[in-house]
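Two complexes are shown next, each including subunit A; its partner changes from subunit B in the first to subunit C in the second.
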Partner chain A sequence: MQRFFITKENLKVLIASLKKDCDEFIAPKREHLDDLVFGDAKNEGGELLEYEGNSVISPRAFLLPQTEPLFEIQSVKNCGFRPIEDKKTRIFYGVRPCDIKAISLMKEFFLQGIEDTFYKQKLEHSVFISLACGKRCFAKSFCNLMDAGPVAKEGFDLQLIPLSRGYLAEAGSKKGSQIIQKNKKLFSKALPDDEKEIKALLKNFAERVKKIDFKKLANIMQEDKVSPEVWDDIGQRCVVCSGCITLCPTCSCFSIVDRLDGDKGVRLRYCDGCPYAGFTRMAGGSTPFPLHKEHIRRFFEHKLNVDLQRYGTPSCVGCGRCIQACPGNISIKKFIDTVILNG
Partner chain B sequence: MKRVLTTCPYCGVGCGFYLDVRDGRIVGIIPSKSNIVSKGYLCVKGWHAHEPVEHPDRLKKPLIKENGKFKEASWGSALDYVAGRLKELKDKYGPDALSVCTSARCTNEENFLMMKFARAVLGTNNVDHCARTCHVPTVAGLNQSFGSGASTNSYDEIPFMDCILIIGSNPTEAHPIVGWRVRTAIDNGTKIIVCDPRKILPAENASVYIQHYPGSDIALINAMIQFIVSEGLHDKEFIAKRTEGFDVFWEVVKDYTPESIRDTTGVEPALIKQAAKLYATSKRSCIMYSLGMTEHTVGTDNVIAMANLSMVCGHVGKEFSGLYPMRGQNNVQGACDMGALPNVYSGYQPVTDEDVRKKFENAWAVSLPTANGLTLTDMIFKAIEGSLKCFYIIGEDQLRTDPNTHWIEKALDSLEFLVVQEIFMSETAKKADVVLPGASFAEKDGTFTCAERRFQRVRKAIEPIAGKTDGQIICELAKRLGYPMDADPEQACAEMASLTPLFRGVSFKRLEENGLQWPVYSKEHPGTPVVHLEKFIRGLGKFIPVKHKPPAETPDSEYPFILTTGRMLFHYNTGTMTRRTTNLLREHPRNFVQINPLDAQKLGVKSEEKVRVKTRRGELEVWPEVTDKIKAGVLWMPFHFSDQPTNVLTNNAFDPVCRIGEYKACAARVEKPSS
Partner chain C sequence: MNNEYLPKKAIIEKIIQESSDTKTFLLCLNHRAYGRLKYKPGQFLMLSLAGFGEAPFTFASIPGKDGRFQVSVRRVGALTNALHQFKEKDIVGVRGPYGNTFPLEKLKKKDLLFVAGGCGIAPLRSLIQYVFKHRKEYGKIEIIYGCRTPGDRFYRAEMESWQNNPDTKVHLTVDEPDEKWGGSCGVVCVLFPKIKLNPKTSFAFICGPALMIKFAIRDILKFGFKEPNIWASLERYMKCGIGKCGHCYLKGKYVCLDGPNFSYSQMKELGIEA
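Right after this comes the complex of A and B.
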């Protein structure tokens, strides 16, 4: 893959030009104090070209919002409905490699087999520009252990890797190549020193890190060899806040509900998932997994065991958001370490 | 597309989050990591706080009842009508025939305007709100003991305590982000003491778990004090230097040996001694309590008993100590602070104090009523008696929240005029002559004050769905009654600050970053994370002897169980919002009663068969949850389900001082529906 170089000044020019090509330019912004959140910078401005850390909530929130109207119910009696379409073109700038990997995995889920038209529509109108990480975003993140950082391997349209003199740029798709092609005046060829700098960055991330044996981890879980105390402890900690499944960039579960006002209304889909007992409760009231600890186990099994078999890679991307939001101080990283250590 | 930073509208913890607004619709919640209260953590209710806001059931038009049926009306005609009736009733019966119930769900500024409306416009001190049914004993009790009726310390000290005594409070479910701090404390090695008839989650990790009977708290706490003092574990220096009245107090408490109260509490003396020793000898000890302590006929005394315990050990008036009254509603602290109480103006300034009254009279250019008004409880009594004719209720569902539903119903039916300002058609609203559609937290600017006395900003994300904020409605009525008031929240806040020494330094500008903890005595004052440092607000801390009194109704052969009630994680109060949130409703769709397996076996109660819970006031058929988490002889029910309202069972017996109802203990029996 050919790599290019772009200066910080030229990146600003590029972004100004890209903003003209889309309806929404979704970029990281600083909100109150240190809160980093993705928002539309085309109409509001305020994008951060470079930033440390990661956004509170991943860009998933734009492709699968917490609550999303799917179609308008014009009349229940007459079966009248009108689809709600989202054809806005969006450029996502500054997406971290962990979230890029997550989007790739979500794509598999939503587009393989039965296509989710609502998701697909948004995805097709999106361009993803990844911004690789110069350093670990916080002590609890572990993207480098989950094959998800600090530099994205695939799944982006364009990737920028910060260097001391600017950014290394690489296209990961046709859309990305077109951006470089269209703005080629802004790019130059990458120099051997740039490549060296990136190698040093990767080496720096890899140091003092023991790779996780995903297969071993999945096997232990599959064979139900995780010590019962580990699950018991988790069961006593989870307070079903749903923060983990709402923040997780690879959680894809949703349910639907009709919000009716008389004969009219809207069908919504909303985030749903593992922590809820009601998620798998049968109509008659019985629940296949009644215990609290089993609900979080469901979450961990999906990320670390089932998806490894399905996609060949775990779907935990090590962003650490679930750890940072858990009022029970549950840590998937600590879980992985404990299981591997005792396995 | 915008993200609007605001404060959670549910419990009293005061978490911060962004409302994620796209195309004029709120699509989600983004936690604020920079918020000093919640630090990026939220509970399941907070994560779904946007869902009820744009629910189709929202009231959108004023409704006027004609021949028993509601008819939609324009704002103009509804407000004209309400103002006309209020004036007519005031002229006919005098101002004290009218009363206002303000809302702990509304902002500080709105509560200030509402209490001003009651006092300056209607001319009555008959103004109160739902603190009457939750933490008014805290205001009354701690005020007597310490001189200030609010939390003494701040949330961020909790994870660093050596010992936390949790009594009558379930932080995990009722105040989850304080629950997170308790969890972190446990992870840090803090010793936990839980006293609760239910084995709540923190009890699983507690060093001492005391499962006492509802209504035996004073006996329990006095016994702890008795043991501490007789073992010489009390803080003699603290008692000598910072308190008064110890000797008189000791005369009363010295007979409460742990052995002597074994039958009253149902607890082994050894456990009480262990808990007492742990609390007294830990360097950093605090007490966390909630409605399990306050909602009793001895609610005020319960609070005083805890204040006594903290003073005996010197565990108050310094960092990493104190009492944490966990406030129930987003702004119940604020509604109290703003003077939405019948005896005080904002900042707890007595209405009977002539200097204070003159100050308000000068500022408001009216003459103000001189006598204390009626409490919410006494408004009900007076309505039934016939001297109270009109009730203006904002954002509260008395028919579902007050004890003994049938009695409340009778009171509401006795009124000549009932106005209810609500966001959903509540059971109380159904009884109204006029329903005015209010605005939710997402539709207004203002401030809420959380349980650690912190003022925090509330910011408007969308326009009011029915067109007006609650503050605007009140001001429009005031104007029609000949007294113009300004609904602008920032203006109201400034007026409040100028009239209230305790909050003088509060302004929207100063709250921008991370809010302010009162007292804030001046524009330069940094706020007060820990109160009573070096000196109690009242000077010396006062030991007030309190004695055990049984609940108004105790078990007998006819009604052999003690029924107690409470909040659960997935729902909030009457459930008007949480039952309109899909995930929350699905998790717990219906009412139930917790019963101990021993009792269940005796009665032949099985999980798959409904039971009838009966008290002297009413009965309900609900599903039993047979669990050893509840003490034998005790039943527990949540109160969130409007279609199976638990408060038909609870007792309308009241604390003589602060008039709170006894939700936490009444006599009940369990029957099989077939019998």
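Right after this comes the complex of A and C.
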């Protein structure tokens, strides 16, 4: 893959020109209390060129919003429904490699079998610009162990890797190549020293860690060999705050509900998740999985075992957000370590 | 844009009161607009009432003229309560069919056992009707049906006509008999000693409450049926029907995509033991 170089000043120019080409420019911003979140910066500005760590919540919220209309209900009596389309073009800037991998996994999930029109449509109208990590972000993140960072391998349209003198840019798709082509003047050739700097960065990340044996981990879970005490402990710690599923970039479960105002309204889907006690409850009251430990078990098994079998990679990207958020100190990383150590 | 979540309009042509809390709805898709609904026994549809959301129901019949179909609905929640207020000629939304069917080819020439508890007869009825439509291709048929009271029995007239088919037996049992009831009493398992099928080659199909499925499988296994030949229709909470919403996820499978019909060998892999 051909790599280019772009200076900080030129990147600002590039961003200004990209903003003109889209309806929403989703970029990292500082909100009140100094929290880092993704938001639309097309008109208000305030986007950060570079930032440390990762956003509190992943850009998932723009692809699978908390609530999203599926269609309008025009008349309750006649079951009159009118489809809704989202044709907005979005450019996502500064997405971390872990979240890029998460979006790729979600894409595979939503487009397999019967396609999810809404996710597909948003992806088709989106451009993803990844910003690789120069440093470790949260102390609790472990993207390098999950094959999701510090530099994205695929899934981005354009990737920027921070260097001491600017950024290395690489295109990961046609959309990305077109951006470079269109703004040729802003880019220059990458130098051998730049490549060296990246190699050093990757080495720095890789040296500190021992690789996780995903297959071993999945096998232990598949054969139900995780000790019951581990699940019991997790079940006691979970307070069903739902922080993990809200922040997880690969959580995609939803529920569907109708909201009416008189005879008109909307059917919408909203984010839902397996930790809630009512997630499997059926009409009539029977709940196949009533216990907390069963819920978190479902969460962990799905990410670490089932998705490894399905996609060849676990769908935990190691962003560490769930660990950071959990008031009960449940850690998927600690879980992985314990299982592998005892397995 | 093809929005899979958008229901198609269907008209309620007829409503049959099956028991005090269950009605069967004969529905017809507006086939001029959407074409005929094609589905196989055991598949399900998502039924929408604007303002109340949607819920999955298994087809309770084989496709009729112009793809007409039936669903039997028990009044248990907000949506089903609302549906029970609907009248003939009212319009509902439907999408589907979703889910898998039974191994119809493998069943040919084999003896079949059906075990249904309560409204579990509805999902099995599509297969029973299918088998009777092609009666010569199948072996002996025995149907075991258990309900709470004699008044809770569905499809009473039709069930009598099933008896008239060659090599077919229908066994009934109720939990709480009334004075007029002359048949068996107790759970469906009390009827198993009456079965006269060859367990080695026969297939069994079970649908009912989770606990009934569990005990029925246990007894049928003891009887000598093979694990891959025992099929159950599972019920799970589901919202989308297309494997996206995650509610019916079960150990890497989605009941709406990979099911709702599973053989007992598959159920064991999903962690459901009898």
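The rule we apply is simple: the second predicted complex is superposed on the first by the 341 of 343 C-alpha atoms of A that agree within 3 Å, B and C clash if a C-alpha of one lies under 4 Å from a C-alpha of the other, contacts with A are read in each partner's own complex, and residues count from 1 in each chain.
Here is the rule we go by: contacts are C-beta pairs under 8 Å (C-beta built on N, C-alpha and C of every residue); 3 or more make two chains touch, one makes a residue touch a chain.
Note that the structure is predicted; figures quoted are calculated from it, not measured.
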item: Superposed partners subunit B and subunit C on subunit A - clash or fit; value: fit
item: Which of subunit B and subunit C A:Gly265 touches, first, second, both or neither; value: both
item: Included angle at subunit A between vectors to subunit C and subunit B, based on C-alpha centres and rounded to the nearest 10 degrees; value: 80
item: Touching partner for A:Asn329 - first (subunit B), second (subunit C), both, neither; value: first
item: Contacts of A:Pro65 with subunit B and subunit C, given as first, second, both or neither; value: first
item: Touched partner set for A:Cys274, first subunit B, second subunit C, both or neither; value: second
item: Which of subunit B and subunit C A:Ser255 touches, first, second, both or neither; value: both
item: Touching partner for A:Gln121 - first (subunit B), second (subunit C), both, neither; value: second
item: Touched partner set for A:Gly243, first subunit B, second subunit C, both or neither; value: first
item: Touched partner set for A:Thr313, first subunit B, second subunit C, both or neither; value: neither
item: Closest Cα approach, subunit C to subunit B, once both complexes are overlaid on chain A (Å); value: 11
item: Residues of subunit A that lie at the interface with subunit B and also at the interface with subunit C; value: 255, 257, 260, 265, 272, 281
item: Partner subunit A, residues of subunit B touching it in the complex; value: 1-3, 5, 16, 18, 20, 22, 25, 27-35, 40-44, 46-48, 50-51, 55-57, 172-173, 176-177, 179-180, 183-184, 187, 201, 204-205, 513-514, 569-570, 582-583, 586-587
item: Touching residues on subunit A, where the partner in the complex is subunit C; value: 70-71, 73, 75-81, 83, 85, 109-110, 113-117, 121, 252-258, 260, 265, 267, 269, 272-274, 279-284, 286, 288, 298, 301-302, 305-306, 309-310
item: In the complex, subunit A residues that touch subunit B; value: 24, 31-35, 37, 39-40, 43-44, 56-57, 61, 65-69, 236-237, 239-243, 246, 255, 257, 259-261, 265, 270, 272, 276-278, 281, 324-329
item: Footprint of subunit A on subunit C - complex, ascending; value: 1-7, 9, 48-55, 76-77, 79-80, 91-93, 209-210, 235-237, 239-240, 242-247, 249, 251-252, 257
